[in-house]
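In the part that follows, the structures are each spelled out as structure tokens.
In the two assemblies presented below, chain A is common to both, partnered first by chain B and then by chain C.
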Partner chain A sequence: MHRREFLKSVITLPFIPGFRIVIPSGRSREMVETGPAKKYAMVIDVDKCIGCGKCVIACKTENHVPMEAPVSRTWIEGYLDDKKLVMNTDENPFLKSKASKGFFVPKLCNHCANAPCVNVCPVYARFHTKEGIVLVDKETCIGCKYCITACPYGATFVHPEEKVTDKCTFCYHRLRKGLLPACVVVCPTGARKFGPLEEGSEVYDLIKKNRTTVLKPEAGTYPRVFYINLDTVVEL
Partner chain B sequence: MRTIETVFVSLTLALTALGFVGAYLMHFPPPLSVELPVEPYESAFGVPWRYLVALYVFLVLLGTAAIASAGEVLHIKEIEVIVKDAVVIAILSIIVGLITIAFDLERIERAGYATLGHANPTSVMYWMIMFYILELIFLIVESWFYFRSDLVKQSELKGVKGAVGKILSLRFIGDYIQNRYFTSSALNKLAKYLTTRDKSIDSEVARSIGIVALITAVLAYSNLGALFAASYIPLWHDAITPIYFVVTAIFGGAAILVIATIVTSWATSSKEKLSALPVLRKILSVSLAIALLFTAWRAVIVGYPGVNNFAAISVANLMFGSYALNFWIVEVLLGMVIPIFLLLLRGNSIKVLLTSSVLVIAGVFTYRFDFIFAGQVVKNISGLSLPTPPHPFELMFILGALALVTFAYYAVYKLLPMEVEHAS
Partner chain C sequence: MRISTAVFSIAILIYAAVLVYTFIISPYIKEESIVLAIEEEMGKEPVHVQSEVCKQCHLEVFTNLSLGNHSGVECAACHGTGKEHAKLRTAGSIVVEDTRDACMICHKKIAGRNIPTVEENHGSGVRCSYCHDPHSANVPSE
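Coming up: the complex of A and B.
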């Protein structure tokens, strides 16, 4: 926002009802919101994640999240025994540890079927696409940050440059071109798998043949990110 | 007295200007300024709702509107002498509250989206905005009827006050109709009404609007509680929160009315409004006692083991952790327990009543900040420095917003007929 726009908006009292009447959904939004389609999901095998952080770098590059900003659409949490660690420290806590177990949990927006962020947004800037993916309408978001407090997974943040809320989109722009999300493509161990939830697909088989769980099932959000071999301690 | 007034006006105006500078710098920080505190919040940095949200909650939950409307609706004579003050404080605090929350938005130029055009009726926040706008409209209409007859009288004066009276009472419309000699009897009746004093009609209409304003106020206060309660934040997430917010709004409103009544009575050398103090003392004592009970049971219910581990952690953090000093000393002891004892034992004394009310306001002010922060911090990864101090720009804005409300209240006293003899 330019300074002139800022001052103009302050002077013209933006709270007066009807001050700005905007068409709620643009043509592009209508196209992604309606109609039958495959529902997509991501499956993450925790045992395969080595915490290399390539997914974070790929995601930031692909989605224009500044590399130096302490925010990310996807991030990796490290755990030693039952202790959650911050992974952006200068020291690698895993090297000195005498803990009996350690593992990494990649996290991202869970694209909940019953998404709290969609419900709480006062301006309907969050919505489900026909594929069940939760997107942010960046031209509508006012930056009230209610979605950040409402999200049980802490998966949304204010974009440091765009000044609207941002989060994982399952790389929707790539998906529409038939490409996989950037984090899935770059993962060197294949810990992340992505695809339609339909019989015969890879993610469908992984969910069917493995013991999977979702994060914070008690929240009743019905996430579309499934975890294999996840220690329940991460629910803390 | 004159010197005090000059200092007061200069100070409040300077602080208001400082507040707007702070708001501007928050959105456009100068290159070499200290950056806003960066704290880890899972994928995000920083606690999303900070001091401006807490200030907004404090301002819009000064429940003077509910007290004024309830006093009018229930025909409480003692409240009627301060009804104008109560309504004016409510209007000013809600307006400044809405300005505050607008500045907290990342995209302030889109604030209008939240009113029309992009409505999401499933959002509690959308309804909060609607209820507060409705309350503001009802309060403005209600106050017009309270002031109208006195404004008509004031319009006969010369100078600024006369002009204000003529414009705000809409007498200029009445004069225009009368000068044009319209034949319509309805128009002539309207002209007669607008140019003459008729307190009986005004009071009845104001009372009727007061009922609607009271319902809207309670809906708005409780809806704000529901806004927090509907989040995945354990400290906020319980059914008591909306009702608790109504109770805190009432004792906050009663305390601010006690302070306003005593200060304005001293400043105007008039003792008539002091007759409202005994009733305000009762409202304050009872609502404080209820709030204390709510605080205790809320802590037990939310923090009880075996219900929700996150909730237990947040209550432990509030009661025994980083916020323990704020909680026990400022909120509970100074903000509730001591005022209750003072009000019960020596509440007849104006000085004691004023001290109790100042303590209550300090307590409720601290409570709003602790509630916001202590609720959110349990979601962070680690390394959050607590209690998080306000950024200099935030501090500037807080001071500015409070100064703006105070100055606006003073300006209303200067321009509008606030005297008791004009009240209905």
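Coming up: the complex of A and C.
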């Protein structure tokens, strides 16, 4: 082969689609830490939620998301009469409402078993842990926001200070120390329940004995956040 | 001509270095980045204290609380994070809000609340704790 031709081919080689597949990388989008582990889930009873917003404030304090920024790892949607109000800062918009009918839906990352954000991430910054929790590797994240577009629940946002994407981690740092997530701890009515999805656990019993639903089942994401007594209109 | 060859070889060297970093020694390819991310996530300090910790000092208050209507409510719901207070153990390091607004966060009458709620004019001008003790939350007799 001619020298120039050889150099040309060496330089263009990495840009040929499929070249990366040849490189022996064991990296996958699935679990990194293998082995049997409990899968965790959250069950939210919509009837019990009173829209006090303590979970939003606790989540922001626990996970260092700026309080005044209108983004949050968990937020409450209040459907009051025909209006939809959202609480994602420490200001509670529901208290001023004069509505006659209403209910509140706490929302957070659904930790989908088939997570669109994990599937679309171009730099493999999102992954499942062995507990089935979707985490963001903030060192690798380049902030391209593909995951924000891909998430059907709007649970991902750009952190105002770190400038990379951020989302609920089910308080992974607390979970590994045997504590409950901050939003579950502060919920005064016990609307949020959290635990392992195994026989005999509280969460397992709740799902077994109640009519539960997930948000947007048609998206095929297999969420791990279940709702009890949810009005189907909310799923929009 | 000679200069351009030198520039070209330097470019090749830089290119090779980038290639070697990207595909051989970067944490991405060695699958270290995920392990590091999990370690970083686990290294964070929890700030919200659960009531198991609180009752080690405040057992009397905790017993009162668990007998009343607020039995299911964790201390952190009203008193905030509590990590500082567990370290310092001073009165100023914990949130104690004895105001009407603090109670009204949960007990104001708005649509969709199926817990005991009150209208805006209920006991107007009086602190809630004048009649109700939040730590043994039963409705007081007249």
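Definition applied: the second predicted complex is superposed on the first by the 185 of 236 C-alpha atoms of A that agree within 3 Å, B and C clash if a C-alpha of one lies under 4 Å from a C-alpha of the other, contacts with A are read in each partner's own complex, and residues count from 1 in each chain.
Everything that follows uses one rule, which is that a residue touches a chain if its C-beta (ideal position, glycine included) is under 8 Å from a C-beta of that chain, and two chains touch if they have at least 3 such contacts.
These numbers come from a predicted model, not from an experiment.
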Touching partner for A:K38 - first (chain B), second (chain C), both, neither: neither
Partner chain in contact with A:A150 - chain B first, chain C second, else both or neither: first
Touching partner for A:T140 - first (chain B), second (chain C), both, neither: both
Partner chain(s) touched by A:P116 [first = chain B, second = chain C, both, neither]: first
Which superposed partner A:Y124 touches (first chain B, second chain C, both, neither): both
First, second, both or neither for A:G53, with chain B first and chain C second: second
First (chain B), second (chain C), both or neither touched by A:A182: second
Intersection of the chain A residues that touch chain B with those that touch chain C: 14, 23, 123-124, 140
Residue ranges of chain A touching chain B (in the complex, touch as defined): 1, 3, 5-6, 8-10, 14-24, 69-75, 77, 84-86, 107, 116, 119-125, 140-146, 148-158, 163-165, 167, 219, 236
Chain C residues within the chain A interface of the complex: 12, 15, 19, 23, 27-29, 31, 33-38, 40-48, 50, 70, 72-74, 76-77, 80-81, 104-106, 108, 110-115
Touching residues on chain A, where the partner in the complex is chain C: 7, 11, 14, 23, 25-27, 32-33, 47-48, 50-54, 58, 61-62, 78, 80-81, 92, 94-95, 97, 99-104, 123-124, 127, 129, 135-140, 169, 171-174, 176-177, 179-180, 182, 185-190
Footprint of chain A on chain B - complex, ascending: 24, 27-28, 38, 40-45, 48-49, 98, 102, 104-120, 122-126, 129, 133, 227, 230-233, 309, 376, 379, 381-383
